[in-house]
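The following blocks contain the structures, represented as structure tokens.
Two complexes, one shared chain (chain A), two partners (chain B, chain C).
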Partner chain A sequence: MTKINPKNILQRVPSAVLLFIAIGILFAMTSPKFLSLINLKNILLQSSPLAILSLGMSFVMLTNGIDLSVGSVVSFVSIMTGKLLGMGFNIILSIFIGILAGSVIGIFNGIIISKVKLPPFIVTLGTMGVSASLALVLCGGETLYWEKNWFNSIALKYFLSIPVTFWIVLLIFSFILWVVHKSSFGIYVYGIGSNEEALRLCGVKVNFYKAIVYLINGCFAGIAGIIITSRIASGNPIVGIGFEFEAIAAAAIGGISFFGGKGHPGFALLSAVTITMLMNGLGLLGFGMAWQYCAIGIILIIGMSINILLEKIALKQKDSK
Partner chain B sequence: MNDQFFLKMENIKKSYGHVEALKGVDLILKKGEVLGLVGDNAAGKSTLIKILSGAINMDYGRIFIDGKEENICNPADARNIGIETVYQQFALVDNLPVYCNVFLGRLISKKFLGGMFPILDKSKMEKEALRILSFMGIKFDSARARVSDLSGGQRQAVAIARAILFNPRILILDEPTSGLAVKELEKIQDIIINFKNKGISVIFISHRLESIFATSDRIIVLRSGVKVMDEENKKITSQYVVEKMFGLESKKV
Partner chain C sequence: MKRIDALLRFGFLILLSLIILSMNPNFGKVGNLINILRQGSLLYILGIGMTIVILTGGIDLSNGGVLALSSCVAAIAMEKGVPIIIAVVISLAIGMACGAANGIMVAYTNIPPFIATFAMSYLARGLAYIFLHGRIIHGFEESFRSIAIESIFGIPMPVVLSILLLFIFYLMLEHTPFGMNIYAIGSNIESCRLAGIKTKKTIVMVYLLSGLLSAFAGLVYTARLNTAEPVIGASFPLDAIAAVVIGGTSLAGGEGSLFGTVIGVLILTIIINGMNMMGISSLWQQFVTGSIILIMITIQTYSKNVRLKNISIFKKGFRKSLNS
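Right after this comes the complex of A and B.
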């Protein structure tokens, strides 16, 4: 039987696991409320939108891409859904249109990136501006409210003591696991990030798969937008600000390579929860949003440094064999 | 079937901006023939085979296979009509396991939940990949090994395994011997002769003239985008080929 070497295991897991444990212990020791059941449930609830966004962002980054538009798409979907609900639209239809709006922006990104060959950074920077602007234009800069209905309570419901929104995360994660481990699409996502030309020479429709990746990411941003809109019970044009930063940070800390082809979305999900834990813990200790963003920036740098260090050690060990 | 011209490339032209890479090249390939394609750097050999394999599109010319004109617009078109290519850099995905690279572009899935969620048939692909690799005489412990962990010879074998797995009609080998040790080189030559015996037509590009002479039936030399020699292997010497490659004063032996 093969002996399990803890050192090898440590090198295979990204910094996400270490940071999750370290931050968990730090706040458990400093804030008595941190480990309370109600706060843990709250962390799961708060982390749901970011977890969904980080899963989508992982896919994009695995193809050697990036999507800066997700935060603005969340705001746009929030306003669009709020507007429709305010006009008395059917709730299911409003949710569907909200997710569809995110998907349309996603596929637009994907088509321009794969067909026109513009860098993902530029394309999604453009759609970031457009989505943010559309959100403000649609609501005239004001928060939108509607008559209270069951949509408002989706984000507040629990099933088996776990927030419904986190069940949505787990459902999406199951889909991601199927894609990554069981589907040809998953193989091609990793392949595009690792050697796009090789796939093209083997007759793989690289442009099609790239476009689908951005479509999925846009769809996930739409779902995240719906969850947040339900949670705050209003359509807010600036609710998505900063989400692109958090989603990219979660994916990067989770070990998704900026050069594509490496990493597992599962660790990005764990990082999303870790980032939420960090913000939650700092909040409990009385630190405001400004300090929370500063802390995310710091753990992003620490996390990436640990990932690179572990990679170097693994490479050294491989070379010495 | 036209036995004389199993593959016929007619008046192929290709330019990159103002640079004419191919200036109207003709090429014929018979069934079961091994054709050596040689030339100095920038002679146009890679451009010619990239056109045939669908990696790039020609500006002008026609391609006939088995007497039928074919429109090869992309690598998928080429693979669908039985043209497989082993590229110089192998076109492998380092982060993926061996079996995924062997089946790249043709991954096998099986039905799951009534076909709603097709899942990869990994065991079938692994089994097939190992079978084809062992047929080539290259030892692999597992088809799950990442390509990045393989030796040069093993990477070569994976690239060739991918090309021969689906019984190609025409196999293109672009510099398959570069960077290989003598033992691995001999293995590649054996494999080429094995293909020939099976009736597969092979276009073999190499800078190693001894390999070209050891395997080819006929040799074509390209120089600056023009075909300057098309001779049967037996009738020429490597000295003559070198002279043709570099445009030196030639003397046929």
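Right after this comes the complex of A and C.
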């Protein structure tokens, strides 16, 4: 069994790294509060849900797929746990059921995409509507509250001055690093993205692994949903709207190819933090939501252009060799 | 073979209408049928743009943002006392500019359409917020509002406009070299380029037309609601994609038609109208829409697979007979 060489993956550094450094320096110079410990903690806390979603999304995109349903899954999980906590359920059990709900939608996506062989974009567009609507129906369009308990403080606690939520991100990231670098599953994920048919002819159960990828993504969406629910201390049926696109954008700036098989999930994590940093910094400087929208649009365009430029340069170097 | 799929979709539409009709006879009244057309009118206009973009193998997530931006710009211009015609022209020009920027990013910079148009939707919506400073402009002149509230021979103006646009774009797609190029680019862009088709210019043109249509839809929307605010149209991109997909247009490009999109929009609007008539809570609407997408795409893929299987079985038999 050949292992994926870290050098090969790290050879092409995507624009996320450059943007991270550039935006970091820019805000460090313009806003004195940006580098304060409280704000840095805040950035890590704010970026946790998007980071988890973009890690899962980069996995899906590596297999040449896409998952539009994660945003709605976040809303659905938020309502599900909110409902259970409101009924006075055991907290650990509620969290578990919430994550399970996300995983069920994920595996549903995975089975339909791999077994019935439908395009991922359309399948997940369908499940997006279904789960968004289920969230609304389950709570009747209202925000759910419950008596205050330690579930609310998950997003408030710090461990070694890093938010607990970001420890969860790091835990997930180490799992992904293990999958990508040490397990055969990681090789299959890259393989499905680059040449699915060849992998199938090698005797790999492509359909099974594809379904697992969507399961993992659904599970991650569930975890992100739990974190958001804890942060807003309520179950909200529309909290996840737009998250799917942000996660896809973060993965794309992180150098994950839309055609699969190229890129490293670590950079998706970095670009999720970068996007949050951008919004945070603009907020500190007094620019409102409108300017943040514009800035994200511009950063996306710049980031993708740099990625494409870097790819061209790498190709040229390859040719000249 | 494509006709079987079209018939399948048409049959589904008829079946759906009959089911709703049997549950609620009011569904069949002329007033309601016209209402269904009017409810869908924006989606027809946006669906045309989405269809031509998807036919080239791209996607346009920016139409909601561009719609909001053009609506706000037109409103501000009219508030400042600019003549209506000029305000309309400015807003259409802004839509075209956004579309052209999309096209240039996709064709010349090679940014994936998904990201390029998504970035544009954020940019356009952000600009709309900035221009309006969080205000809402309302109360427009009757002559501007006439594009949405007047009716000709009992048919509302938005419906007339969307039918007109559908007809124009149908002619363009099926009967001009430009339309042929759109289909050809979706099937195989590289062979198009080698055949001497100006692929990049065509792609820019397609996104430009999509931006223009979004801006136009924004004007109709503003005129109908009599208000302009930057939050409008957030769900339109996905609604339009759903209609196009239900209409049998392939997301890979090169396959599909405007007729299919019309059927797709009709299916979506009839379902929502029927649910309203039966008094089902609007919270279920997305559930039903999502399920319909899944069901329709499963049926289409299944019927396609059966056809392909028949062909491959035939081929196997053919090869065997050759070998023996």
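One rule holds for everything that comes next: the second predicted complex is superposed on the first by the 309 of 321 C-alpha atoms of A that agree within 3 Å, B and C clash if a C-alpha of one lies under 4 Å from a C-alpha of the other, contacts with A are read in each partner's own complex, and residues count from 1 in each chain.
The definition used in the following text is that a contact is a pair of C-beta atoms (placed from the backbone, for glycine too) under 8 Å apart; a residue touches a chain by one contact, two chains touch by 3 or more.
Please read these numbers as outputs of a predicted model, since none were measured by experiment.
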Chain B versus chain C as contact partner of A:262, first or second or both or neither: first
Touching partner for A:157 - first (chain B), second (chain C), both, neither: neither
Chain B versus chain C as contact partner of A:187, first or second or both or neither: first
Which superposed partner A:201 touches (first chain B, second chain C, both, neither): first
Partner chain(s) touched by A:33 [first = chain B, second = chain C, both, neither]: neither
First (chain B), second (chain C), both or neither touched by A:119: second
In the complex, chain A residues that touch chain C: 112, 116-119, 121-123, 125-130, 132-134, 136-137, 140-141, 241, 245, 248-249, 252, 258, 288-298, 300-301, 304-305, 308
Chain B partner contacts - residues on chain A that touch it in the complex: 178, 182-184, 187, 190-191, 193-195, 197-205, 261-262, 318
Residue ranges of chain C touching chain A (in the complex, touch as defined): 61, 105, 109-112, 114-116, 118-127, 129-130, 230, 234, 238, 241-242, 245, 251-252, 281, 283-291, 293-294, 297-298, 301, 305
Partner chain A, residues of chain B touching it in the complex: 53-55, 74-80, 85, 87, 91-96, 100, 104-107, 109, 112, 117-120, 149, 162
